[in-house]
Structures are given as C-alpha cells and as structure tokens.
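A quick write-up on the structure given underneath.
Every chain is named by a letter (A, B, C, D, E, F and G) in the order it is written, and numbering of its residues begins at 1.
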C-alpha cells in the first residue's frame, strides 16, 4: 500500500464504514461506539502509516480522475501540516469516540450520533489532505454540515436548534465566500491545485502582484475566520456548546474550529510576506484574542468558559500565523504549529473533564459547583494538568508554546519597529493574563473551595475507566510534550512548520532556555494573572451590568436582529414586490416589452417608419376598419357585461367579414362559428356572475392605462409596418411549396385545409389536444367545489 | 341571350335592387323606430325579405350551380329562423320588463303577465 | 368598372352603420341583440353578393353557416335574457 | 395583404385590448384578451408574404392533377451550400398566403379553448369569492 | 420494417397524446389506467435515454413529421433537446408514481391522467420541435394542461380551491398575454423570412446579416422572445405568477412545474437566441444578465419572507432560475455548461423538495411551517431527503447544487464578471438561509401542535410517495459526487448550442419529397 | 322554458345542421370546411337543442358521454398519424388513394380525412363536454 | 319506419342543398346519413304517432296555396313597414293583442306564428300556456279586433289546410 492509497483510505473509510453503521448497529446495539472507535483507530493507523515518509520530508501527492471536464481531480496531498492535522483529527477522534461510550446514554440515538461523528472525521481528514481548493471546499462545507447536525443532536431543544442554525449560517456562508476566494485565486493562477501553486515561486509572485490579491485574501479569510470563530464571526461557537460534550471537545475545540487555522496555514506561503496578511490575520487575531479572553469572565457555564477560551486560543494561532514580514514571512509559524497541537490536547482534555463533571453533577453551571476535588480526585488531577497547560505553567506543553508565542511577538514587534516594538508583546502578554485568569477559574470554581450546600447530587464520584482513560491519555500527552518537547518538535511541529515555510525548520524547543525576555513576559503574565483573578468576579459583574445596559453593543444582538427580523424585513419587500393583482403583473410585462422594444429602436434602427407605405384599399374596407374599432371600443367601454359581450360578438363578426376580404373563407367560417360559441360560453359564465362591481377609474389611473395602451398600440404598429411593408422577404416562402404540392402530393384543393390536416397536421394534433385540455380543465373547475377544503 | 334570359336578368336585377333597398330600410328602421318591438318589425320582415330577394337574385343569375343552390338555401334558412329569433327576443324583452313605447295603445300580453305574477 | 355587386357591397356596408349604432347605444339589451342579429343578416347578404361578385362559392358557404349559427346565438341570448339561465 | 390602415386598425385593437386587460374586473380582462386575440389573428393574416388575392383553394377539375396555373415557380431545391434560396425576381403568386391562414386557424381554435376555460374559471372565482374585482380577491384571500 | 429507433422523437411526444385519449376512454378502469400509465412512463423514460444516447453517438437526429422536410414540421433532437426530454420523462415518471397515492381517486382517473399525459407531450413537444409555430402550439398545451392540473384535487388537500383559482387566473392571463406576444413575434418573423423552421430562419437571417440587409425590427422581434420565454421561466419582472401558482398546485404538479416546466423558458431562450438570433446576442446578453440578477435578488429576498413552505420553494425557484439565466447571459461555453448543469440540478432538487414537502403537508394538514416542527422523528427519511434537497439549493457540497454553483461561479470569474458573481454569491447565502430555515422549522425544534402531530403520527408516507422522493434524493447526491457525466454532457451540449452549424445542416440538408 | 314555436323550429334545424356539419367535414379537403368547422356546427346545434329544450329534457333520452367522444377523436387522430409507421413511413405521412366506385364514380380517399374526422369528434366532444359540465352544475 | 323513409328523403334533399350540388349521388349520401342522425333524437320527432303518406301528399296543394299567400303577405308587409320607416316623422300606434287560434299541432302553431311574424306589421311575441292564444305585437293596434280577425281568416285558414 503506497502512501497515497493510505491517505485515500484514511479519508474514505470513515465515510464507507459510517454508511454501513446503521446495519452494524443492529448487531452491536449499545456497543456501537466501539465500532466507531475502531474506525477512528483505523484512520489513525493509516495516518501513522504515512507519517514517517512525510517526516522525512517527502510530500505525498496523488489523484484520481473525478471531474476532468472542469479540471478537478480527486487529489490528496500530505505534507507536515496535513499530517499534524491528520493525527489530531484521527487521534482525538479515537479518544472522543471511546469516551462517548461512557458519556452517551444508551437511550440516545447512538447510530445517528456515531455515524455523524464518523462522517465528520472523514470530512475533516478529507479537508486537511485535500490537494485542490475545490475539494478542500467540499470537505470544508461537509464539516459545517456535520457540525450543524451534531450541534442539533438534541433536535427538539430550541437552544440546540438555535446553536446549530447559527453555526451553519456563519460557517457555511463563510465557506461560500471562501469558495469565491478560491475562484479568484484560480483566475490568477489557472489552477485549483494547491501544491502546484505552493511549489511554484513565480506563480506566487504573480499572485502577490495581482490586482485581485486583496480580494482573494479577504474572501478566503472570511472563510477561515468564520470557521475558526474569529472576529465578529465568533458568535456561533458559544452557542455550539449545546452539542453533546464529546462533540464539543472534538469539533468545537480540537478539530473543526481549527479548519480556519489550517486554511490560514495552508495559504500562508501564498499570501504571507505582505502587509495585508499581517494586518488582516494578526489584526483579527489580536482583537479576538483579547475580546474573547475578556468575555470568558462572564460565563458561568463551564462549556461557555471553554468556548470563549477556545476562541481566544484560536486567536493566538491566528495572530501567530499572521506574524510576517517581507524578509521573514514565517515568524510565528513554528510557535503556532506547536500551540495548535497543544491546544488540541489540553482543550479536548478540558472538555472531557467538563463532560465528566456535567455527567456526574447533572449541571454545567460553575456557580453551583465547588470542592469536588475530594469526590473526584482523578478528574481533578487531569483537570489541573490541562488547565495549567492552558495557563502556561511549566513544565506543561502549554508553557512551551506560550513562550514561543511571546518570542515571536517580540520578534514581530521588533521587525515592525516604532511603537509596535512594545505594543505587540504587551498585547500578547495581556492575552496570556486573561488566559491565566480563566484557567484558574475553571479549577477553582469546580474543584476547589467549598462544596455548595444545595444543587449537587449527594454521591459524586469519578466516572468509570471508559471516560477516564481517554481523558488521561490526553493529560499524559500534555505532560509528555512538556517534559520531552523534542518528540513533538521533531516528529510533528518541525515537519509542519517546514512544510509551511518550505524550508526545513530548525526547531529547538526546550523547557529551560535561560532567562530570556520571553520568560520575563511569562513571569509578568503570572503575576498579572493572579492579580486579575482576584478581581475576576467583579469584572464579570461589570460585564453583566454593561451587557444589560447596552445590549446593542454585541455581535450577537445584530445576528439575532438580522435572523429574527429577516422575515419581517423581507416580507415588507416581498409584499411590495408582489402586490397580488393581475394588473400590476400585466403592467410589468407590458413595460418590459416596451423597454425591450425601445432598445433596438434607439440602437439600431435607421428608419423607424419605412418608406413606401401602402395606403391603398377599397373604401368598404376602410369603413369596416372603423366599425371594428367602434365595436372594440364598445366592448371596452360599455359598462355592463352583456352589452359589452354583444359588442364583442359584433366585433367578431366584423373580423370574419374582414377575413372574407382578405380571401380567407376558411378563417371567416371558423371565426363566425367560434364567435358564436364564445358568446354562448361568455353567457354561460356571466349567467352566474351578476354584475355588481363597477370599477371607478381615477384620472391618474386612466391616464396611465391609456398611456400604456397607446404605447403598446404604437409598438405593434411600428413592428407591423416594418415586418410587412418595410421589407419584402427576399426568400421563398414555405407557402410556395404548399401551393405547388397541395394537390399532387396531398390530394387536396383547399390548401389551407391541407396545411391543417397534412403539411402541418402535427400542429392540429396539438390544437385538438388543447381543446381536450380545456374540457378537462373545465371538468376540474366544476368538480373542485367543496372537495378541496 | 334568349328572351327568358333577358327577363331573368332584369328580374334578377330588380330583385337585387329591391332586396338591397329593403335590407337597408330594415336597418334604418332599427335606428328610427321607437322601441324594441317596432324595431323587430323592420329587421325581421324587411331584412329577411331583402336578404331573400338578394339570394333569389343570385339564384336567377347563376341558376342551380352551387352558388345558386346555396344562395336559396340561405334564403330559406333566413325565412325559417328570423321569425323565431324575433319571437324569442321580443318575448324575453317583454317578460323582462322592457316596456312598450309611449305611442302604444294596448298591451294584452302585459296584463296576462301581471296576472300571473300576482298569483 | 365597378360592378353592381360592388355597389351592393358598399350599400350593405352602409347598412351596418345603424346596426353598430344600436349595438353600442342600446338602450336595452334586446335592442342590442336585435341589432347584432340584423348585422348578421346584412353580413349574409354581403357574403352572398361578394360570392357572386367573385364567382366563388366559398363565401356562400360562410353565408350559409352564418345564417344558421347566428340563429343559435340569438336564441341563446334571448333565453338568457328571459330566464337568466342558458342550459 | 399589407396595408398601413389595416396595420393601424390592428394596432388600435391591440391598444383597446391592452386597456381592457388593465382593468380590475375579471370579466373585462377576459373581454380584453378576446379583443387581443382578434387583433393578433388579423396581424398574422396580414403578415402573409404574397401579394396575390385569390382564395387559396385550387379550382376543382374533378380530377387530381394540377390544371390551374398556380403562378408559382418552385425552385427551392437544396443544393450544396445553398441553404437559403433567394427568390427569383419577378416572382408572383396569384393566391393569398395560405400558411398564415392555417396558422390563424390554429390560433383561433386555441384561443377558443383558452377563453372557454378562463371564462368558466371566472365564474368559479365569482362563486368562491363573491366578487370579480381582482383587488377584492386579493383581500379576501386567506 | 424500419427500425423503431428512428421514430423515437415522435414516439416520445405522440405516445402521451395517445395515452391521454386512452385514459379518457378507460375512465371506468382505474386499476388498468394506473398500470398502463406507469408502464408507459417507464418505457418513455427508457426511450428518452436511448434517444439521448443516439444523439450522443450518431449526432443530431432529425425527424420529419409527415415527411415534408423543412416544409412540414421537423423534430430535432440535439443534445440540448434530448437531454431536456430525459429530464422531463424521468421526473414525470416519478411525479406520476407519487401522484397515484397523492391525488384524490376520482380526480385521478377522470382528468388527472390525461392532463398529465398531455403535459408530458407538451413538454417533450416543446423541447423537440424544430418549428417555431409548433413551439407556440405546444406552449399552449403546456399552459392549459398545467392550469387544469393546478386545480386538480389532492387527497384532503390543504390548499383552498379559491386560492388555486385565483392563482390559475393570474397564470392564465399572463401566459395568454405571453402567447399573444409570441404570436406577434412569430408572425413578424414569418413575414420577414417566409419560413417557420427555426434552422431555416436562422440561415435566412444570417444571409441577410451577411448581406447587410438585416432589418432592425429583427432585433425587436428577438427581444420580444425574452418576454415570451421569460414569462414561461418566470424571470423578473415576469415572475409574478409563479409564487402564486406553484404552491397552490398539488405537490407532484408543483414538482413538474418548478422542476421542468419553467425550464422550458430557459430552453426556449437557448434555442431561439443561440440558433436563430445569433446576430442579436450582443444585445441580448447584457439584458439577460441584468434581468437574471434582478430575478436572483427578488426571488431570494422574497423566499426568506415566506412561512408557507411551498411558497418558499416557489420563490426559491424564481431565484434559482435567475442563476440559470445568468449563465446564459455570460455566454461562454463554460458559462452555458454551467447554466445547463444548474438547470438539471435545480430541476431534480426542486422536484424532490416539492414532493417531500407535499408528503409532509399531506400529514401535517398545513403549509405553514410555523405550525410544523419536530417532524424528523416521524419522517426521518423525508427529513434526510429534504435536507439533501435544501443543501443542493443552497449550493452546499456534496450535492449536485454545489457543482452547479461552482461551475457557474467559476465560469463567471474566469470571464471576469466579478460584480455579477458577487451578487449571485451574496444571494446564494440567502438561499442557504431560507432553505435551512425551512428545514429546521419543519423537522427540528419542538413539536408545535400536538393534536395535529397525533394525526400524522398515526400515518406513514406510503412507498409510492416515498420512493420517488428517494430516487430524486439519490440523484441529487450522485450528481454531486459523480458529476463528470453530467458536466461532460453539458459541455458537449453547450458546444452544440454555441455552434449551431451542425444543427442547421442536419435540418436543411435533407431530401424533400 | 322556451316555446313550442322555438322547439319546433329547433327540431327542424337539428338534422339539417347535423347534415350540414357532416357535409362541411367531408368537403373540407377541397372546399372551405373541415373537421373543426363541421365539429363546431354539430356542437352548436346540439347546444341549441340543449338551450331550447333544456338540458335535462334532452338528457332524458340522449345523453352520450361527450368525454368518450373527444377521447375517441383524439385516439383516432393520433392513430391515423401513427398508422404510417407500420407502413415504413414517418409519423403523419399521409396517403392519397383514388377509389373507383361503380355508382359514385371516383372517390378520393385521403388519410388526412380520417384525421379530420378525429378532429371533428374532438371538437364536438370537448365543446359539448364543457357545455354539459357547466349546465349540469347548479 | 315510414317516418324514417320520409325523413331520409327530406334529408337527401337537404344534403344536396347544403352541399350545393343537386345530384343523385348527394341525394343517396343524404339518404344514408339520415337514419343515423335521426335515431338518437327519436323522442323529439314523435315517432310513436301515426304517419301516412296519403295525408301528406293530399296536403301538397294546400301547402302551395299557403306559400303563395305567404309570399303575397310578406311583400305587403314589407312595403307597409318600409313606408313607416321612410315617413319623415314616425307616426304609429303599436300594441300587443291576444289572438285566439285554432291550430293544435306544433307544426301548425309554428307555421302560424312564423307567418304572423313575416306578415304586415305583426309580430308573434308569445303563445299562451294552453297553446290557444297568440300574443301578437302589431305596429298599428288602433283596431285590435280587425287585426285578430284578419289573422284568423286570412292566414290561419291556409295554415290549417296545409299543416293539420
């Protein structure tokens, strides 16, 4: 099995095996979770299978023909970045699915749960290994959809539905913009293939100089930030916490939300090294980092705190990937890549802890907890490891990546110079302080202090091994990465950074590296962090006060206002657009017709009125014309139905008389008959419609209608004189053939009738079908009475 | 042309002229006479006779060729149907309360209808 | 040269004027119906004349049909006026 | 067949029909459609491409051969690269254009069918809503 | 004995007409009607695919009705028309199967079968005809058959008959007006060129254009066809009838109307402008682009405003057809391909959505989504299928709708129509919003009306109703996951559309008796 | 109710017009007329009897299912068109035959005539179907 | 059966007339169509009543006489009404009068009613329910008795002879 096959299998096996999961579920019943775990394990093994080659600097790239017409193949690409994500996705997937065996009640719809988890995992793997932009987008949106379904897992709960909707709207919409960005990118490069762009320096140069550069970057970043809950798009993530906790751990902390980060990392070689990149990526990152860290204080739901913390931590990553200068495009790449790995582990671990706590205490409200360390000692230890890692306490992995973040911030500040030299590190430290504070809050709030008198179940204890073991595994990783940083740095972070920077990154991550400025910053962070923590409650109280006083100062407010009022806003538009009366619609049609007629009159015509018009007619025809107009006017203006219909009937007879003069006896015959019949049918209908309604026409309405009518008349007139007199058709007509062949070939003297039944008998077949249709329609009309209610 | 032919020709032209005149007069009556019933007199009688005259004239001119035969068929048909049309319309008009003109001196039909209504 | 029948046709066209007048001006519905019926009679005459003038039997067919069918129409309207129903 | 006054008449009928379909009363709208269909039928007939005046019925000789000179020179033979034969000069036809008549016949029948349907529809609408005012219909709608 | 295969075009049109007459005569044998009709539809669907393969392998197929060459009426099956016919017959088959349990029994056997058959004939006839007046005739068949079907009775229908009638009235008036405009245009075209055969007209106009004697009114005529076909396709500002008509029709008919019928307009536009009025394209395209954008915007915004699920779907059809026309307006081969792919995907997705909403409405007893909720527990399959359809309309992968939007946007951006694609993109977001809003309101959330729920919980959708929905849902996914055949077909079709010479030659170089 | 006078004349007209309609139908190929015109004549005169005698009275002894009429007409028309296919021709290919009968002389038989009869039935059937449906509807 | 043959013969003739060519071929064609047409409408034509050719043939002279009177009266009527129309000032005294009649058969009543309508200044408006009185509008109703008696004596006599 070659590496490409392995990756392909790693991506598609989850889909296939999830597809048959409902069948398997019939056999395994409540143990179906282990089946899902096995699938995740399989994917993990497949990723591990290809990892060595990638670590040794070999890129995997292969494709299967999929949409050759559009130039898109199903192609996969494995480099350091992909492999790291591959490990995170499948590894955490394995952990989560195992954990779920303990967490999910057997009363739940387990097949649906695991099926969607596996679909998600497959999509995520597909996304990170995608070698072309469109394929990436496809898997990207698939993750949005599966996330939507998983958030709404408890689909009858309004809050779940709300959260699911929000996440879908934000992420899928962002995805569409990202797609547009990809298309713009493709219009610059002519290819959707990512490696082809990445490996082509000149192409990247072209992109950077292209006038659409900013547009492409902006569109792609909309996708990335919406997915990673950055900037104003953060709003969906807190509400996504309605999902079952393992889902939150998996999707909304460890993997899916990192898709945006993945995209930024992926696009890093293409867009970085420009001011726009730094301003947009790091700018959004820093703002989000601070805002989300700050907003976490107000949360009382454990998962809420974790959600804001996730947003904030992802913002770290954004910030770091955004650090760039023309000379040194990847200042923060290594730091970011390492922190990414660490965040996946400590945040997933925290979520699992949160899950355990909620599972045991039946609440997620941190204000109702406290002092659980005695009852749940194991959980407590695991939580402390993860939280302290997040807070950046040595010797845990989080400390290392935070140090690297400070280093990169210093470097970036120096590179920028001026006031940035201090501002950027200062902001980084501020972020660290906030992180420190809420990390401590988690431990303190849940496990330390006094057990509240009411609200918690009597017997609280550590859960069974099914839930502890996966959590412990993550905690172990945190400790391991902290103590032996060379393992991640050598096997994961190095290749990742290397693949982004397309140069072998020389990483030396060590626990102790002397009294560097970054260590100073860390110390400052701790000090300030502890100070901040003492003010934690009052800050939270202030936030609550502020929020209730100024509800409008919030992105959520606008989201809710937009979504809730979407219907009202649009229905105003819709009812204005669709007033409902035929008259408006007819007017619209006629106006369009007139406008369309005017276009060629203005643009093309030389003579609107052709020369040599023929006014020569027998006098009786002229009189006949007058009669016709009078009869038509009668039909139009006589106020009551019957006189109008009689007038119309008169018009019909006059028309048939005109047909006589036009040498069309067949037509005259038909017209006479049809006229009489339609008069009878008019009567049939009017019999049942006593006339009560008479339209009052205001002068303005009348003027408008007469104007439109006159314009229509004029249009028809101009068209007719041009079509019938303006040119003499220089071609032979079909009629020549009919006249010539009616008798010899079709055996009929009456050419019109021969056309009707023979030359164009097919038309007549249609025509009699129409007659039948009228009959059916009338039958339906008559028999619809009372039965449709 | 034989004598019979000439006689036929003259007769035919007379019929034509008289027929046309009658048709025209009938239509004139439509404008001039005061009420529905009187107008019906002119259209059914004069119009029909006029039309019949013209058809007869055509028959005389062309003999029993398709045109002639059809012409006389048309004439017969008008004679058959015109009175019915007149009858139906006048009946409807009267029963629907279209009154006689002021010059009218008697309405025995109206009395009957009033009696019926009162019952 | 204008044939006699051409004159006839022009004369008949003039005969339509009163019919149109009544159709439009009424005053009662029966008036209009009579006028419509009368108009068909005039048209029948015109068709006859035209048929002869053109030497073509085809128009006579139209006249024949019109004379029959107009009757149907008039009777229907009359019944409607009288009884308020048709069938 | 092509005459400016005829075109003018037809155009005016179009105008009147248009005015009618802009009314609020359903029955008026239907009358308007009828007027329009008369107008369009006349329009089609007036677009016949010949200048002949004879009724397009070949005189009957009792047999089945062409005895009457139809006046056409039919030479629309498709040869290579000539897909659109240009009419020979001095070419005239004694008949009026039969094709447009056939088209109008079809159009008349179709409009009869449609008119019948829409009239019964109008009656049923009146029955359901108790009015033929289009604006009222809208208001009365559930 | 000549091969039946050469008669395929006419069989696809005339068989439904024959069937309509048989169905009238067999009114008293409902069971026989059912079996006969369904089997014939199966055969027709199969034959239409055979026809498409024929065209694919042997080139454009021309069928001379009555063997009069271009002087009579020709049926022309090129990739476009044959493809449309395949779409039509397949969706018709599914809708018909669905109807068997959905339409009220008496209505079904008395008028529904013949009306439906004639509608199918009208569709196939419109797609296959090579004669512009014949197109008018078949349009009329379509018009009246759809009117008749809109007022057909559903089982325990929730749509008030008065609403149906009001909608039908609007539909009729606007379409009769459209027919009149079409007649004016066709007659003027005949006066100018002396022919009704589309290929012939095309050649003659080209000859005039080449000679520099093309009269200006040809442009006016050409633009009139925008009104004609735009009215059928419901593009702005001719879309007004659609949101009234499509929702009030019985659901299988809504599926046909939104799925296939409005595509006739798009087809007509492609046929007429790219075959006949090639010399006017430079005026047509900007016009149609702006109309398409307006259509997209109006449809999308209005769809958001709806509470009635079928009305929402109808507005969405308006918006979506705008995308089809946008592709047409962009005009490159890739854009036309996109337009066609879009057309097919929308047809399938929208038919599916109407059918599934029908099933839901059938049991919920209301079309108001706010009164529904939590139906996923009762109808898990339909919820899933509806989701697939919603994703397709919203343009999300892995559905066909994504491929369609992607190809369209790609084509637009390749040709540097940034502004147009920008608008299209923004309103694609609207479609995401309204489709998922509908899905959520119907299937998720609290169970709104317990009494109603009790009613429909007792029943399950019958297989005859479920299977067509499922087939279409599978098609949506297949077109998303394996779009290559469709795109290849669409590309070849677009090639034929942009280069009509083979069409013209196939039609005009024939021996005439 | 209408009067005796009208009824009597209607009775006279009825066969006359039906004959005329058949005449128009058969003449159609060579003279003005044809299936549609003939059919409308037929339908009109039946409508006239409906009007004059009242629908119910006529239905008491003459109540054909007009639906079957147009069903048959459409069937006939499409069969005629299809009939060419077994003969190795295209749909709607017409055939002209001249039949020599001892008494009538030469009679021209055209397949299109059969089609026209189909049209005739469709027109009669559909129009009267509409009339009757509406008339039955109280 | 007799009636059938009678009708068939009449129809043969009518066929010739509507066809426009009076010939044996057409007559026979009409003959063939007749039974087909008449059959469904039998109840309208009183097939149950007796029918005899003798009576029919005997009536022919009377019918011719009736036709003669009719034409004479029609011409008189037209001239009279034409005069009225052409008067510079319309001066008439119209009215509706009741005219009792003796005729009992449908055909007779119809004939008399139509005759009245086609003759001078009179117009049948309605027939009473018991079919014994015709209501006639006359353009000169100054002497109703006179009008009624002239109808009875000059017209009805001939109608009775011809159709009863």
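Here is the rule we go by: a residue touches a chain if its C-beta (ideal position, glycine included) is under 8 Å from a C-beta of that chain, and two chains touch if they have at least 3 such contacts.
Quantities reported herein were computed from a predicted structural model and do not represent experimental measurements.
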**Request:** Taking each chain's centre as the mean of its C-alpha atoms, give the chain farthest from subunit E.
**Result:** G
**Request:** Weigh B-F against A-E on C-beta contact pairs and write down the one with more.
**Result:** A-E
**Prompt:** From the C-alpha centre of subunit D to that of subunit G, how far is it in Å?
**Reply:** 42
**Prompt:** When the centre of a chain is set as the mean of its C-alpha atoms, what distance in Å lies between subunit B and subunit E?
**Reply:** 58
**Asked** Roughly how many whole angstrom separate the Cα centroids of subunit A and subunit C?
**Response** 70
**Whole-Å gap separating subunit D and subunit F, where each centre is the average of the chain's CA atoms** = 24
**Request:** Can you tell me which residues of subunit D touch two or more of the remaining chains?
**Result:** 21, 29, 43, 47-49, 55, 57, 60, 64, 84, 86, 99, 105-106, 109-110, 113-114, 116-117, 120-124, 138, 141
**Asked** Mind pulling the subunit G residues that touch 2 or more other chains?
**Response** 18-20, 113-114, 124, 126
**Request:** Would you pick out the residues of subunit C that each touch at least 2 other chains?
**Result:** 14, 16-17, 19, 33, 35, 56-58, 60-62, 64-65, 68-69, 71-72, 75-77, 79, 81, 86-87
**Fill in**
So the complete set of touching chain pairs is A-C, A-D, A-E, A-F, B-C, B-F, B-G, C-D, C-F, C-G, D-E, D-F, E-F, F-G
**Prompt:** Where on subunit G is subunit C touching in the complex?
**Reply:** 18, 20
**Item:** Complex contacts: residues of subunit D adjacent to subunit A
**Value:** 1-25, 27-29, 31-32, 34-35, 38-39, 41-43, 45-50, 53-60, 64-66, 70, 72, 74-76, 84-87, 93, 95-99, 101-102, 104-106, 108-110, 112-117, 119-124, 126-127, 131-136, 138, 141
**Prompt:** Of all residues in subunit A, which touch subunit D in the complex?
**Reply:** 579-583, 586-587, 590, 613-617, 621-622, 625, 628-629, 632-633, 635-636, 641, 644-645, 648, 651-652, 655, 658-659, 662-667, 670-671, 674, 677-678, 681-682, 684-689, 691-695, 705-706, 708-710, 712-714, 716-717, 720-721, 723-725, 729-740, 742-744, 747, 749-752, 755-756, 759-760, 763-764, 766-768, 770-771, 773-774, 777-778, 781-782, 784-785
**Request:** Give every residue of subunit B touching subunit G within the complex, in rising order.
**Result:** 22, 25-26, 28-29, 32-35, 37-38, 40-42, 44-46, 48-50, 64-67, 69-70, 72-73, 79-80, 82-84, 86-87, 90-91, 94-95, 100-101, 103-110, 112
**Complete:** Touching subunit F in the complex, subunit B uses residues 80-81, 84, 87-88, 91
